[in-house]
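Heads up, the next two complexes both have chain A, just with different partners, chain B and then chain C.
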Partner chain A sequence: MPLFELDAFSVSFLDPDQPERHQTPARTVDSLSYAVDEGETLAIVGESGSGKSVSLLAATGLLNGDHRTEGAVRFRGHDLLAATPKQRRGILGKEIGFVFQDPQSNLHPFKPVGRQIEEVIAEHTALKPAARRARVLELLGEVGIQDAAQKAQHYPGHLSGGQRQRVMIAIAIALNPALIIADEPTTALDVSVQAGILGLLGRLQREHGTAIVFVSHDLAVVSRIADAIVVLKDGRLVESGPRDEVALAPREPYTRALLEASRARIRPRVRPIRATDAGPAEAEPKPLLGVRGLTKHYRRGSRVTPAVTGLDFTVGAGEIVGIVGESGSGKSTVGKVIAGLQFADSGEILLDGHAYPTKVSTQVPHLPAEVRRSVQLVFQDPYASLNPRRTVFQSIAAPLEANGWSKSSMRERVAEVARRTVVGDELLNRYPVALSGGQKQRVAIARALALGPRLVVADEPLAALDVTTQVEIIELILSLQQSLHTAFLFISHDLGVVAAIAQRVIVLGPNGVEEIGETEQVFTAPRSAYTRTLLDAIPRLDEAEVSTR
Partner chain B sequence: MTAFARTQFLRTRLTRMLITVIAVVIVTFVLTQVAFTNPAQNLAPPNASGETIDSIARAYGIDRPWYEQLFGYFVKGPDIQGTPTGFLNWPPSLGYSYQQQRPVTELLLEKIPATLSLAAGALMLWVIFSVLLGVLAARRQGGWFDKVTSGFSYTFLSLPTFVTGMLLIYFLFYQLSLAGFRFFPSSGYVPITESPGEWARHLILPWLTLALAEIAIFQRVIRSSVLEVVNQDYIRTAKAKGLSDRRIYFGHALSGALNPVLTLGGIELAAIIGGAVITEQVFGIDGIGRLAVTSASSGDAPVVIGITLFSAVVFVITTFVVDLITYARSARQ
Partner chain C sequence: MTVLARRDSIPKLTGPDRGPKDPASGTAAARRRAFFRDPATIAGLALIGLVLLGAIAAPLVAAIVGHGPIEQFPDESLSDTGLPISGGNGFLLGADDSGRDVFVRTLYGAQVSLFIGIVSTTIALVVGTAVGLIAGFVGGRTDNTLSAFTDIALAFPFLITALSVVTLNRGPQGDDVIDPAWVVIGIVALFSWTYFARLVRGLVIEIKQRSFIHAAIGSGAGRTRIILTEILPNVLPAAIIYWAVQLPANIIGEASLSFLGVGIKAPTPSWGTMIANAQQTGLYQYQPWLLLAPAISLFITILGFNLVSTQLRRRFDPTSTGK
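Let's look at the complex of A and B:
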């Protein structure tokens, strides 16, 4: 008997404004069946919207919103869907532990983390408070949090992303559950932190014999730890089987496409495109953007946190430069200062050799119109950076409107950038809610390009997207660089992505610049030890690695 | 936050509070000057000669220009006995009531216990019931309980307090007394020092009157604030821990939903302590609110200024405390 099993399980969302019996809604999850045995790791892979998370949340009764389920969900042979709320509560937290994607939003912001762990123990056992607290400290130690007694008093906001996810894991394993459901547990984390979390889950599984259902959009991540893999698309099962079969010799074209996407992201870009496109390359091309001695500190009270110290680099016209670093390395600060959203404490930024005004005292700077037109921004989260009450057309046209374009020239220009960014005409009158993540990010890029900027600062533009969509956007940016000769400053925590897109790479470590160089050189022969550890932390789909696991 | 930043924060806040209070005094002072023309005439016996009126005005110092009087209010008040007074003295003196020939501070101190009793009891009822009704309505959103409580809230939101008060008196005093159950008094106030039981018995209806209006507001606020929170990921985590609904809603959702409730609560509480004018009037409770009405209608300017000052101080302090709480909560994030 499998430990946990979905049997012809379907989920459909209902329109809350309609009576249920009149509805025959489309199934978000359609007749899905899979099973996990004790101590096994099952990976569920698919793009967003494939129903991979929805199926698990609905199966365990954690899905918000009006929905209907069909089929059966069995845990140790008992049907979870038929269980009373009380029976189900007895299983959740005790026999099934959960680790969710974003530990920041999944931990209660106003409760110390120790109490959040203790709570699940109190709910399911009769342990005395002192014994519970001892168990909390033991758990924190087990998930690799140093200084447990002190950290237990902290609020989630005072811990790093990796520590928070470790706390989530401590909650999940507090009662030695038979099964852990991990829903994209490393997607919101840095590469090196991700490796640590994956290692932790693997170790816990070996020591306690816990079964894991691991949900991910990234086959590369999954192939590290899974025994078996299930591939989903549009709520249906595409392919399932042992890890080596699915990850190394997929039968279905869709699985192959996912695999290809995972690989494409980490293939270093070798051939510089600029030389062919920018006319005769000068020996020392005059840089479009020059950054000299950029320094920025954040103050809170009397505590000063350095974000960037003495950074120097240049971006040539039409060049793509990547900035890689982990959270806290100050990479986003660099982007914000260049885009004029923040001022630096000291240092110079030059556009075409002319320095930006740097007035340190002002909070919101006003850059000259010329600079604002030349430098544009693309943000990380296209869901948040597009105004939900504006149509795609209005969003793209907004910068033109602000610059006083006429109605007709605006329409022409929007059509032009929409064509360049492969935003179809039929999308122009839609609202962001009706777009997929990839389409939204295309719109955000189109908006950035509307004024014909010479430099686009893209801050983690792929972090909120699926692997396959990431590859699409990478290709789009490369083609824009070719056709429009636009330079990009591409900021990311993901070395794999940067490798695929940038000609030169700046690696920011916790103590400043670790390395600046041509992409190929940085990836094949890194000079800094820090870069090497980052490189080693990238999950790869190399056959050699898979077979030596 | 470091100790230095904390003292900095406190210093700016306290300065701002003092400035607010002083500004309120100045504005009220000017308003009373405009509203109450020739107070000496009111103080004089009927048919008094012009000379008598003038001498009264001189004695009270109200013959002097308004800015001199205002200055005197802060450092040396209009004192017939000639003792040094003024708001900025310690203990602060707020002048003498024209009508009652007693220091305003003494009057205020006498009336504050009644008003505070009213506010404290109402606050208790109001917090307990609005939290209970708000959270339970959110938990069964759209269910019958939610519908009934919304109906209740909208009813009491649209009823003015004097109507609620009258209705309570009619049903719980008049009709019950007719039916032979004489428990609720229709009006009056008994100090808690005299008899705690009588104190509470006399205050039940006024408490209910005030609380009903506040519950109506806060039930809505808490309900919508909790509803906003229940779709947060951390509530899903609480469910994934297998916690009971009661723990999820009262332990997790409520504490996440408190910020807007606290802010509005501080303002409402300050308003009640500053004088629940109508409720005090309806139930004949001799508190700040009643004093405000009588002194305003009889042109007793020093008392009016004193009451406004008191309300301003209460308001500034409650808001400060609420801000401190919200600040402490946000510092955790």
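Let's look at the complex of A and C:
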């Protein structure tokens, strides 16, 4: 008997304003069946909207909103859907532990993390307070948090993203559950932190024989940890089987496409863009962007935290330069300063021969109009980067409007950049809510290009997208560089992505610049030990890598 | 879900799953449909329609029955002992102690209530939204100053302030310097703009963190343009919904002021003055309509607006959680 099993399980959402019996809604999850045995790791892979999260939330009774389920969900042979709330509570938390994507929103912000772990133990066991606290420290040690006694007193806000996820895992394993459901547990984390969390889950499984259901959009990540893989698309099962079969020799074209996307992302870019562009800076006497000694500190009250200190780099005309670093490395700050949204504390920035103002006089640096026009921005979160009340056309036209373009020339220009960024005509009158994440990001790029900038600062433009969409956007940026000769400053935490797109890479460590070099050199012969650890943390789909697990 | 179905071949992907959509966040058209189908909305709209119809038809009814709102007909409507009749003689709801038609006056009272309620709430919306936009967007010292003003305005006791303002409105001959209707509008607006300011300020502080604002700054848009084209369209729906929530409270505010004799003055028909008159003379024991007609009208108006505004909030307000 499998430990946890879905049997022809379907979920459909209901309109809360209609009587239920009158509705025959489309199935968001359609006749899904899979099973996990004791001590096994099953990965569920699919793009957003594939129903991978919804199926698990509905199966465990955690799904909010009006919905209908069909089929059966069995845990140790008991039907979870037929269980009373009380029976279900006895299983959830105790027998099944959960780890979600965003530990920030799943931990109580105003309770010390130690107490949050203790609450779970108090709820399900009869342990005395002293014994509970001892168990909390033991758990924190087990999930690899140093200084457990002290960290237990901390509030979630004082811990890093990786530490918070470790606390979530401590809560999930507090009662030695037979099954852990981990829903995109590493998506919000840096690569090296991700490697740590994956290693932790693998170790817990080996030591305690815990079964894991691991949900992810990234085939490369799951191939590190899974015994078996289930691939979902549009709520249906596409392919399932042992890991080596699915990840190395997929039968279905869809799985092959996912695999190809995962691979394309981490293939270092070695081809030069044009014969005339010698690429690196020494060939160009005057780079488009020159940065010398860029330093920026953040002040909160009396506390001063350095974000960047003494950064030197250049971006040539039409060149793509990547800035890689983990969270807290100050890479986004560099982007904001270059884009003219924040002042640098000191240092010199020259864009096309114009120096940025250095005196802090206004909230936003006052740049001459022609400098403003020549540097534009693309952001990480496509949800926040477009004004929800403006249509796609209005969004792309906004920078033109602000610069006093006439109505007719505006229409022409919008059509032109929309064509270049493959934003179809039929999208121009839609509002952002009716766009997919990839479409939104295309619109954001179109808006950035509207004024014909010479440099586009892209701050984690792929972080919120699925792998296949990431590849599309990478290809788009490369084609824009080719056709428009636009330079990009591409900021990312993901070395794999940067490898695929940038000609030169700047690696920012916690203590400043670790390495600046051409992409190929940084990837094949990194000079800094920090770069090497980052490289090792990238999940790969190479055959050798997979079979040596 | 219709949105999903309409998407073209570009995969509909948006990064890590964000779980199912909140049912309240469907397409605008679907929400509008659900709003208009809700029995509470229908009942509320019917009540508001009734009140509007009464207000519009007031002059027509007056012409048909031949009784103006402030004309007195002591011969036809007062008994020999001087007590008002409670019906008959062409007086549908009887007359008051001065022999005026209660029905006609109640209909005219709807005009006064709606006019003062709508104008004062609209002024509050405009002032409060402007203050909230500036305080939230500019921040810093400007925000501190404007927020202090808001707090001061909230600290004034409503009735005492109203009484003093009305006293100030007395000219040397004891007559009003400006029309008391405008004084009431001013007082009611003064006491309700703060809610709009606080709501809008909070929304603006959240919205100005979003990257589309940074994109606008980065493309060289000025402050005024950013406030008007990027931020205002995002806060206006919430402010307008709050307008509908505040309106019934302000109608009651007008009635309260008039009841206390500091608002609309007799003989101008206002529900507040009519209730006050009934209460002061004690004649409602003989002529119940004197009290019932304005009280029931007020009740219907408030109920109607509250039903609709609650539904509006539930369906359209992005800042409320729904049910």
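Everything that follows uses one rule, which is that the second predicted complex is superposed on the first by the 535 of 549 C-alpha atoms of A that agree within 3 Å, B and C clash if a C-alpha of one lies under 4 Å from a C-alpha of the other, contacts with A are read in each partner's own complex, and residues count from 1 in each chain.
FYI, a contact is a pair of C-beta atoms (placed from the backbone, for glycine too) under 8 Å apart; a residue touches a chain by one contact, two chains touch by 3 or more.
Note that this is a predicted model, so its numbers are computed, not measured.
When both complexes are superposed on chain A, chain B and chain C end up sitting side by side without clashing. By the touch criterion stated above, A:R389 is placed in contact with chain C alone, chain B being left untouched. Touched residues of chain A, counted separately for chain B and chain C, are more numerous for C. Using the contact criterion defined above for the overlaid structures, shared-chain residue A:S53 touches chain C, although it does not reach chain B.
In the superposition on chain A, A:N64 makes contact with both chain B and chain C. Look at A:G328: by the touch rule set out above, it reaches neither chain B nor chain C. By the document's definition of touching, of the two partners only chain B reaches A:V120; chain C does not. Look at A:K94: by the touch rule set out above, it reaches chain B but stays clear of chain C.
With chain A as the common frame, chain A serves as the apex of an angle whose CA-centre rays point to chain B and chain C; its value is 30 degrees, to a multiple of 10. With both structures placed on the common chain, the touch criterion links A:G241 to neither chain B nor chain C. Note on the superposed arrangement: chain B and chain C approach each other to a least C-alpha distance of 5 Å. Residues 57, 64 of chain A lie at the contact with chain B in one complex and at the contact with chain C in the other. Residues of chain B that touch chain A in their complex: 1-2, 4-5, 231-234, 236-245, 247, 252, 255-256, 329, 332-333.
Taken in their complex, chain A has these residues touching chain C: 13-17, 25-26, 28, 47-50, 52-54, 57, 63-67, 101, 183-184, 187-188, 215, 217, 336, 339-341, 364, 369, 372-373, 375-377, 379-390, 395, 398-399, 401-403, 424, 426, 433-434, 436-440, 444, 447-448, 450-451, 463-466, 468-469, 472. Here chain A touches chain B in the complex through residues 57, 60-62, 64, 85, 88-94, 97-98, 100, 102, 105-111, 119-120, 123-124, 155-158, 168, 171, 300-303, going by the rule given at the top. Taken in their complex, chain C has these residues touching chain A: 1, 3-4, 6-8, 10-23, 27, 34, 37-38, 210-212, 214-222, 225, 229-230, 233-234.
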